[in-house]
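Consider the two complexes below, in which subunit A is the common component and subunit B and subunit C are the respective partners.
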Partner chain A sequence: MLNRMLWCIKNMKGRILFLMMMVFTISFMNVYGVQRFPKPEFESGYVQPETLQPSARSAVLATMDVVVLAFALALVSWLVLKKRSRKGVFLTSVFSLAYFGFYRQGCVCSIGAIQNVTLALFDSSYVIPLAAITFFILPLIFTLFFGRTFCAGVCPFGAIQDLVSFRPQKIDPRLNAILGVIPYIYLGLAILYAATGTDFIICRYDPFVGIFRFSATFGMYIFAGTLLVSGIFIARPYCRYLCPYGVLLNWISRFSWLHITITPSNCIQCRLCEDSCPYDAIDMPLIGRNPENRAVTIRKLILICLLVPFFVVLGGWTGSRLHETLAGVNGKVRLAKELLEPLKFADQPETFEIAAYKSSGKPLSLVYAEASQVLRQFYTGSWILGCFIGLVFGIILASRLLTRYRTDYSPNKGACFSCTRCVDYCPVEKNGLKEIQP
Partner chain B sequence: MKQKRVLIFALVCLLAGILFMAWDMFFSQPETSVNPYAYEIKALRASDTLLTRYTEVQQIKPVLSEIHAIATGRADRIYVAGEKGVEIYDRDGKLEAEFPIDESARCIQVDRNGLIYLGMQDHLEIYNKEGRRLKQWKTCGEESIITSVAVTDEDIFIADAGSKIVYRYDHSGNLLNRIGEKDPRKKIPGFVIPSPWFDIGIGHDGSLWVVNPGRHSFEKYTSDGELISSWGKATMSMEGFCGCCNPSHFTILSDGSFVTSEKGIERIKVYSPTGVFKCVVATPDSFNEGTKGLDLAVDSTDRILVLDPQRKQVRVFVVK
Partner chain C sequence: MEPTEDDPKLNRREFLGKAIRASVFLGIGGLAVLVAEKTISGQTVWQLDPAKCIQCGRCATSCVLTPSAVKCTHVYAMCGYCDLCGGYFKPGTKILNTAAENQLCPTNAIKRKFVEDPFFEYSIAEPLCIGCGKCVKGCSAFGNGSLQLQVRQNICENCNQCSIARNCPSGAFSRVPAGKPYLLKQIVQETKSKK
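Moving on, here comes the complex of A and B:
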C-alpha cells in the first residue's frame, strides 16, 4: 500500500490522483463536520460595533517593527549629525508616518509604552510585551547619544504635525514656559493611572491614532482636528505642549553625547538662524549684558533653595487634596461611588459596570474594600504627583531667575527636535566658513 | 496684528483640545457605561405583519394560580395543568371539571380513551377524567426533569431534560429503551438542552418527533430509537430558531405541519411537514417580554391553543 502511494506521488498522473484523493478526504471530513454543533448565524442585519483596538501583532511582525525602529533611528541620527540633511530627515519622517502611523496603526508607540513600563513595574502579574519595552527604551538610548532624533524623523505623531506646519508663529517665551508645564502634568497623571492599574490615558487621549486607524470617536476626531488646525500656526503643538514622552527625551537629550549644532564650525553671529526654528528651541546669545554680581547671584540661589522645597510641599499637599477627584477615574472607585450614592445617579441609566456588578454576586463590602485600597494608592500617588509638579514649577522658576551667558546661537538641547531646519539657514553650512569670512 | 490673531486662534484650539481631555477624563460619563456590544434583541423582535396569518379569537382564564401545560382531548376538550391542579374546559372555554393533584404538573397529555398523563418533576402520574389517580410511576432518575409526554396506543414517551434523554415505556410502566443518546455510529448527535425546555410529539405516521433545542432542530426517531431525519435552522431570522435553545414547545397540525413556540423572542410559527417556514401565528408583540413556557396544543379544527403562563391565559388562534 505504501509502495503504491509512493509510486503515485512519483509520477505526474500519480500526483494528480494523490491530490484528488486528498481533496476527496477533506471533503468527506467536511461532510462529517456537519454533525457538529451549528455555528450561530447573524442574519438580522445587526452590525457589530467597530473595535478601536488593532489586532495583536504576530511575533515575527513585532520583531520586524523593532528592527525597523532601530534602523529608522540609526538612519535619522546619521542624517542629522553626519549628513545634516533636512530633506533626508523629512523623507524618513514621511516613511515613519506611513509605517509606524498608518501601517502599524500607531500601536505600540514609544509614547504609550511609558504606561506599559510603569504598569510592569507596579504590577508583577502584568507581562509587558518585548516590543513595548524596546519601543520605550530604544529612542531614549538614541537620545542619550544623539539628541532627539526620534522626534525628528521616527515619531509618526511628530511627522503628521510637521506636514501641516505651514505657517508656524513664534510663541511668547513666558507663554511657552507656562504651556510647557502641561506635558509634565500629563506624564505624572499617566504614570499615576498606569501604576494604579486605572487606565492608559495616553492611549485613551491619543489624538492621532484615530486618524491612523480611520476609526475614532467623534470627540477624538475633533480633538485631533483642533490639534492639526492649531499645528498650522503652532508647530508640533502635541510634541511641545502635551507629549509625556517628550519630557523624558527632553531630560535625556540635555546630556546627549552628540547633538546637532546650527553651524558646523564657529558661529559668525549672522543672526540668519534666529527665526528659523518653528519650535522656539534656539537659545540666543546673551552678549552685551553685564554679568550679575556675586551677591545678587547668591541671593537668587538662596531664594531658589527656599522656593523649590516650598513648591514641592505645596504641590504635594495640593495633590493629596485632589486624590479623590483623581481616583474618580478608576473603575472600582467609580463603581463604589455609584453604589454608595444611588440617588445621585438615579436620573442616569444604569451603567454597564453596575449591571455587571449586580450579576457578579460580589458582596458590597468587597467593592468598598477594593475602592478604599485604590483610594489609599491614589493618596500616596497624588502626593508624589503633586511634589513632582511642584518641583517642575520650582525648576522652571529657578531657570528663569538664573541668567546663563551664551555667546553663540545654539539649539536648546532639551527642547530641540533635531529637525535640522536651522542648518539650512546657516551660511557657514552653505558656503563654507572661508568663503564668507573677510 | 493679523499674525497675533492667528496665533490666538491657534492657542484657543490647542487649549480647547486640552480642556476636552480634562473634561472627558474627570467629568464625562465613561464610555464603558454604554455597552457598545449589547445584544440588540429589540430589532429582532420586529416582525413583518404580512407573515402573520393567524388571529387571536378567544382567551380562556384558568383558575389555577400557575399554569404550566396544555393538551387537547376528545371533543376538543382543553386540559390545563398547573400548580397542584388540573382543569378541563370544553371547546368554548367553559370549565367542565377540575381536580387537585399533589404536586405541580410540568406537562400533560391525554390519550384517545380520555386518560390524563401528567409529567411531574421526576415521574409520571395517570388520572382518569374524573380526577382519580390510576397510577403513579416510580421516578425516572435522580436528575430527572420531565418536560413532555407523548402517548401512542403502544408506548408512552417521556422527555427528560435533566438526563437529556427520551424514555420509552409501555403502558404498564416498564422501561423499553432510551432514545437520543449520543451515538456517532448511528449518526445520533445527542440532545443539547441548556435549559429545561425539551418537547416531544407524535407525528401522523406514529413516529416520534423530538426537539433538540440546543441544535435548534427537530429530530424524527422510530420507537426503537433509530434517527430517521431531522430539520431545523439556527438563524436569527424568522425562518429559523435562535438563542441558546429553541423551540421550547411544538405541536402538530392535521396536515402534519409543525406549530412551534420560542422563548427569548417570544413567537409562534408554523412550518410545513418538511420544515419549511410557512407563517407566523403570533409575534413577540403578542406576549409580555420574558414570557417562557408557551405550551401548545391544537384541536380537531386546527385551532391553535397557546398557554400563556405570564398572562395566565389560554389563547386561541385561528387562521385569518
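Moving on, here comes the complex of A and C:
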C-alpha cells in the first residue's frame, strides 16, 4: 500500500523542481546567522577570547594503526607457521587486545570495515579513509596466504574471547552447522543496510566495544556479559556464530597457500590431539568407514542439484516479502511513513523527526520520492539477500550430505582459527619422533 | 609432497587450488582498486551542522560517551554580550543574577562574567557541559545564535558509525574531513569586513 503510493509520487514529473527548491533552501541557509544584537564596542580594553577548536587525533596515529596491524599480522603468521609457538601467539593476542582493543577502543576494526567498503561501493558521495580499506584488505590477503592468523592473534574480539575460554565443551556438529548460518545472515543484513546507507549494524550491535570503552548501554553490557560467560564453555561464541568478517575469512582460508598443520611431519594416528581443539575445528580421519556406493552418491548429488535452486528461489521470494519490514529501519522511510499516517500519531506529541522536517522546509513529495527510492533499493537488496541465504542453506546441507574421506587428523582450513593449541598435543612435535611410523 | 606425473589427481587438485587462490587475490585487489578511487589519505571525523540542528537534546543522550562529546561552543565573534541572555537565563527570570534557579543550563556550565556596563561575557565550562542544547535553543530563539552545538574533536572517539548521527532527527551529522573539523555558523558580514 505504502509502496504503491510512493511509486506513484515518484513517477511525477516535478522531480527537477524539487531539486531546484532544495538548492534554493540550502543557499538560503548560508545566511542563517542573524545579528539581532550588534557586537558591542568595548571601552574597557576587553579582549574577546578566541573560540577554541581543538583538532582531532592526528592522521599520523591512524597510519601507525595500519603499521601495527601489518606488523602484528606478519608476526603472528610467522609464529603460527614457522615457530609453531602457542605462547608467542598468545602474547601477540594479548598485545592486540591492549592496542586495538583498549588503547584504540576497537575502532576502526576489520569487522566493521566491511560496511565502510560497501558504502564506498554504493554511495558515490562517501569518501572512505585509507585506514578502513587497509583494515579490510590486509587480513584477507594474509588469510589467503597463511590461513586465519588474523583471528589467532590480531583481532581484539578474538583475543578477549580466547582469554576466557577455560572449559570449552564439544558442540554437536548438527547444532554447529545450524548456528553457523547466523554469520551469513548477519553479513548479508550488514551489507544490505550499509549499501542502502541506512545504518552500520555491525558497529551498532558490537558487543565488545562497550567493554573496551568501559561505557555501553545496559542491553549491550548484558549481551557482552552473556557472550563472555558462555565463552567459558563455548569457546569464541562471537567468532563462530556471529562474526560476519569470519565468513569471508573462512572461505578465503579454505584456499590458503599455507596453513597450520597439527603435526610437523607425518601423523601417527595417536589420537592425542583429538580433543585439543576448543573450536571443534579438527577433522577426524574416516578410515574405518566403508566408502559409500557410487549409486548412492549420484542420488545424493541429484537431490542437491534440485534442492539448492529451490532454496535459492524460496529464500529470494521470502526476502522480497520482507523488504518493507527491513526498510522500516531506514530514517527516510520512517519519516515518510510518519507523514503518511498523521492520524495514528495525532494524540501523541509531535516527534522530533516531524519537527525537524517542518523546520527544514523540504517539500513533502521530495520526502516521498526519496523514501520510494530507498524502498526500491531494499526490494532488490532483499531479493539478493534472500537468494544468498538460500544458497548458504543449500551448501551447508550439501556439505552435510556428502562425506570426504581423510586419513589424518587435520585442521579444518575454513573453521580453524590457527590458535596453535593442537600443536602442543602432537608427540611428534614434542619428542622429535619423526622416525616412528604408524 | 611434490606432485608427480604418475599422480594426476593431486596435480588437478593443486592446479584448481592455485587457480582459485589467484582469482581470489585478483578479486581482493580489484575491490581495493575500485574502492581506492574514493579514498582520502587522512581521516574523516563526525560533525554536526548547526544550521540543521533543531536542539532536540539527543546529543546529550545518544553519544557512546558520558557526558557526550557534543558540547556547546561559543562563537564570541557573534555574541551580543547581552545582559538578558536568552541562552543563560530561563524565560521569565526577573532578577538577572547568577542564582541557580535563574539558569537555563542544568549543570551550571555557562559562566557569566561582567565586562563593562551593560555587557556580560558568557563562557562554557567544557567539562560540565553535557551537550543538551537548551542554551543553544534559547540563544537562537532570542539572541544572535552564537551558542552552537559542536562535536569536540579532542573528546570524540570518532566511532565508525556515530550513534548520535543515527538518532539525529534532522540529519545534521555528517562525516567531514579531519583537516576542517568544525562547522560553526559565522556572521557573513563579519567575515567580509575582516577581509
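The rule is short, and it goes like this: the second predicted complex is superposed on the first by the 366 of 438 C-alpha atoms of A that agree within 3 Å, B and C clash if a C-alpha of one lies under 4 Å from a C-alpha of the other, contacts with A are read in each partner's own complex, and residues count from 1 in each chain.
Keep in mind that, in the parts below, a contact is a pair of C-beta atoms (placed from the backbone, for glycine too) under 8 Å apart; a residue touches a chain by one contact, two chains touch by 3 or more.
Just so it is clear, the structure is predicted and the values come from calculations on it, not from any experiment.
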Partner chain(s) touched by A:Leu340 [first = subunit B, second = subunit C, both, neither]: neither
Touched partner set for A:Thr226, first subunit B, second subunit C, both or neither: first
Of subunit C and subunit B, partner touching more subunit A residues: C
Which of subunit B and subunit C A:Met284 touches, first, second, both or neither: neither
Subunit B versus subunit C as contact partner of A:Ala62, first or second or both or neither: second
Which superposed partner A:Leu303 touches (first subunit B, second subunit C, both, neither): neither
Which superposed partner A:Glu353 touches (first subunit B, second subunit C, both, neither): both
A:Ile182 touches, of subunit B and subunit C: first, second, both or neither? first
Where subunit A meets both subunit C and subunit B, residue numbers: 35, 37-40, 42-44, 46, 48-49, 204, 331, 351-353, 355
Complex contact set, residues of subunit C against subunit A: 17, 20-21, 24-25, 28, 31-32, 34-36, 38-45, 51-52, 54, 56, 58, 64-66, 73-82, 115-116, 119, 121, 123, 142-145, 152-154, 156-161, 163, 166, 169-171, 175, 177-178, 181-182, 184-190
Of subunit A, residues touching subunit C in the complex: 29-40, 42-44, 46, 48-51, 53-57, 59, 62, 105, 107-109, 112-113, 115-117, 120-121, 124, 126-133, 137, 140-141, 144, 199-200, 203-204, 210, 213, 215-216, 252, 255-257, 331, 351-353, 355-356, 359-360
Touching residues (chain side subunit B, partner subunit A) in the complex: 3, 6-7, 9-11, 13-14, 16-18, 20-21, 24-26, 29-37, 40, 43-44, 184, 187, 189, 192, 214-216, 234-237, 240, 242
In the complex, subunit A residues that touch subunit B: 35, 37-46, 48-49, 167, 169, 171, 175, 179, 182, 201, 204-205, 207, 217, 219, 222-223, 226-227, 229-234, 237, 241-242, 325, 328-329, 331, 334, 348-349, 351-353, 355
